[in-house]
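Order of writing sets the labels: A, B and C. Residues in every chain begin at 1.
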Amino acid sequence: MNPNINELRTKSGSSADLFGKDFLLTWEKSREALETNLNVAEDLKMLRDKNISPRCFDSGLAISQFRDNSTRTRFSFASAANLLGLAVQDLDEGKSQIAHGETVRETSAMISFLSDIIGIRDDMFLGAGNTYMREVGSALDEAFADGVLPQRPGIINLQCDIDHPTQSMADLLHLKNVFGSLENLKGKKIAMTWAYSPSYGKPLSVPQGIIGLMTRFGMEVDLAYPEGYGLIPEVVELSGKQAMVSGGSFRIVNSMEEAFSGADIVYPKSWAPFHVMQRRTELLRKSDHDGLKGLEKECLANNARFKGWECTEEKMKLTKDGKALYMHCLPADISGVSCKEGEVTATVFERYRVPLYKQAGFKPYIIAAMMLTNRFENPTVLLNDLCGNKQRMNRCYR
Amino acid sequence: MNPNINELRTKSGSSADLFGKDFLLTWEKSREALETNLNVAEDLKMLRDKNISPRCFDSGLAISQFRDNSTRTRFSFASAANLLGLAVQDLDEGKSQIAHGETVRETSAMISFLSDIIGIRDDMFLGAGNTYMREVGSALDEAFADGVLPQRPGIINLQCDIDHPTQSMADLLHLKNVFGSLENLKGKKIAMTWAYSPSYGKPLSVPQGIIGLMTRFGMEVDLAYPEGYGLIPEVVELSGKQAMVSGGSFRIVNSMEEAFSGADIVYPKSWAPFHVMQRRTELLRKSDHDGLKGLEKECLANNARFKGWECTEEKMKLTKDGKALYMHCLPADISGVSCKEGEVTATVFERYRVPLYKQAGFKPYIIAAMMLTNRFENPTVLLNDLCGNKQRMNRCYR
Amino acid sequence: MNPNINELRTKSGSSADLFGKDFLLTWEKSREALETNLNVAEDLKMLRDKNISPRCFDSGLAISQFRDNSTRTRFSFASAANLLGLAVQDLDEGKSQIAHGETVRETSAMISFLSDIIGIRDDMFLGAGNTYMREVGSALDEAFADGVLPQRPGIINLQCDIDHPTQSMADLLHLKNVFGSLENLKGKKIAMTWAYSPSYGKPLSVPQGIIGLMTRFGMEVDLAYPEGYGLIPEVVELSGKQAMVSGGSFRIVNSMEEAFSGADIVYPKSWAPFHVMQRRTELLRKSDHDGLKGLEKECLANNARFKGWECTEEKMKLTKDGKALYMHCLPADISGVSCKEGEVTATVFERYRVPLYKQAGFKPYIIAAMMLTNRFENPTVLLNDLCGNKQRMNRCYR
């Protein structure tokens, strides 16, 4: 295989808003920055697909801190780090504790002397996850300003209580690929809807991430949920404003059918109501196990009233030409497969298995692009160098 | 140190049957493929011994999934991956569960977007371990065919219910080194015999791996065990056929003394009877803890009837010139050292400690060779390139 | 950034006493060896600060064995390994067991076939930690002599019952930086004093490491503790002798105030009394949980008699110009912050936060220097090569 260098020339674009900046919420980033992230991710994927190593670190640590269980995000993060030449080091403080200010300040400095990237997943506590990331960020800023750290590691939000940017950006890249361009997403209708699940306490970050991102690309965004399953009000408000600016729309409806009607894309996914997550956080803080059990019971009973919120073949027929793209962050609760009654019927899921897996496959590249643009000011130059570097062929399937 | 390039020229041979193929059972591989694996392993060892780095991956992940505890196989796998330039990422799903089809399918794809190798150890459940590996393999095939994966990671069996190919191939390489060549193994007698151990539930994969491999090299293979301690019938049958083809022999005897008699090599090692492992698997599936305790008690009582199956100095005297090579996959149950009464007496073990450790020392190279030949079509060219590459000196003990 | 090569020329010095030698106790190393370690650490820090990668291993494993919890030493070890190009592989045998001879012998060989460095933290058992490291070392010597290992991995003591050399050497490098040179440390007074903590069983390795190291550099070392909180007698005796040789002094006093008086440096830190650690080790060996609880209760009650041993603003005023350098290995028990009453008041700690963090920041480089000098005979040549190697620029913040 002898890749054509000209063909490989990249146009990743500028990384203003990314270089040296944490990636915590997509709506804190300019549209240009988001496009750069997508471009770099695509370039990295192209290099890997052509068996050219995009390694740009000789050494360096990418610290992962998962304050909740995770397999796919963990592997996406590890894959991204490895692709660029960083080694992963886990920080495992114990999963349930909410760290206190002083400890965060000190630990953040102590783990960062030779670290480049810190990826954090902290989605258990409403009002705490994103706050925690910013606390770490402030501690790093301070340690860097004080000359304690030779560099200021970049933070990547691997899911918090507010946003799930590595997911929503991977979803956006999937949409770009399916529909041909970001431009083509204008006017497309996406139904981000609640769906029934026999579990409880699922975070709000995916639906919030979707409405907070897709409203910026001129899409017609319908958010649908049964009464009482609202999201964080500020994110909802922001999504409405963004839709106006981008020339799209944002609506809240209380019917899955209404959201599906004429949709180009559907994203049915369960989550816990905002007010339940608030009560849950209080109970978790107090380690009130009886209270948590009671809340779970109450919440599951309430969920059970909405078993009709399932993505079925019938509902799919309501979508644009009956052929909307079905999306999910995985794993999905598939009726009759992973649970008795769930978010989606087996036939719908099966029909979309390949696009779903491709959707997931963008995540390592999105994370790698976040790492790269955080540490390299001019990704275009770097990537073009890598493209032309025949010495950096990784594997030779001769 | 200035290694002589000519002296380093390798003749690893062709890797047909290895490139892009999983390594699950040695008897699925041609004899030529097995020899290539040994040659590549020896070349890698030579490079390392001469302080030349055989790193051939610029980045990449080697996923390890240990569904049973392990220190030495874990370190062998990590060493092999590191030697070639791959980073290890553990997949820890919880040790005792038997994963269901849908989860296997999805997880296999999700962890593989940027992975090169998946090493799996799954020896707890008779009828399940090897099956699980093939399930992962099918999922990967499908994901690759569907364009979900840019490459199809190779699977390496790090021990299953049927075979333990990294062990048996390391054992074969040890024999090749001790006896000078594979050719010299023809007509040599190896006694693969059961031995008493005060523990229970040891897998059948080592004795099965040994009889399934050594019968292909013209050896006289004696399998010895007390009545009731039989192996999987299909593997026994296959070993007999292979012995006929290779010009060796395969016998089952019920006496350790008979097997040791005139043997060039002895491999005394405990295992659980086939039918006990079958009952155990059923009980594990049902999480029947009382049943498992009862079975353990029954099995240990039965074991105790065969405490005479110990590798003693007396029995060693029965072997060829009293000097047979003693082998074990380690750790051994050493009488008076690691247990009161066990598989081998302390003096026999001690006399063979150095060859035993050397035997174990081949495993990282065997695994590295499995990784390399899975990903590179022409290992000879690659290794000769590496030999000549003075730039790739790893450490300089100047 | 275009670093001036001449400016980067290093003078790391000779590594006699380091190359191929384990780093277990600072007092086993010549003063020249200690200076080489400091020089190499500073060179590595300079390279990293100038964004030049000091990677000198193409592959290789650094094994970490933590027989006690640790976040900062774990990250320091991982950072050091990564900086030089080694991958970390954890050996997790279970934390509380004291391994037996035979197992240590075998496991040490089994994990070392392709390993370069083994870092061990074992500080739980008085009389056992350092002994264990030497047991590992003997096993490695034997395996190397027997031809089992192609190289003999180096052992780094990451804290034992006797010494904590990575800490004390990082502390020394901090002092060298604060006071300008090792020469300038002559005649400086350092107060290594016990301090009150509401916890129990803290190891003796930090105070022992400090008195065992600083007495070699002509410092006036005061060791202060309440009656009954003595250290291992041999280390105390040795410190006295070393002070005489180096032209410094060594005193034991039973008053924090007396030690602080006129001190240039203070290091107030809690530890358990020697005889308590001895009794604790006996109880741990016997798994006597009731005995351990009783001992803890007794010890905490005794500790509580000495709450006056707190590093306060008043006591700091007793030091040289009231401005002694405050040191701690972190984390400190800060009164009113991490505990009600502790080792140091919040205002003192806060005033020294930046130097404390800088002190901690030397540890990864000290460990990296221990790794490098263990494997490379001539670090000066190696480091000068690395300095001049523009190809090895790591990150490009263009």
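As a working rule, a residue touches a chain if its C-beta (ideal position, glycine included) is under 8 Å from a C-beta of that chain, and two chains touch if they have at least 3 such contacts.
All values reported here derive from a predicted model rather than from experimental measurement.
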Copies chain B and chain C - rotation angle from C-alpha fit, nearest 5 degrees: 120
Copy pair chain A, chain B: interface residue numbering same or different (half cut): different
Chain A and chain B: spacing of chain centres that average the CA atoms, whole Å: 41
For chain C, residues that touch 2 or more chains besides their own: 87
Residues on chain C engaged by chain A in the complex (per definition of touch): 45, 48-49, 53, 55, 71-72, 75-76, 78-80, 82-85, 87-88, 330-331, 334, 337-338, 354, 357-358, 360-361, 363-364, 392-398
Complex contacts: residues of chain C adjacent to chain B: 56-61, 87, 89, 91, 93, 102-103, 106-107, 109-111, 113-116, 143, 146-150, 375-378, 381-382
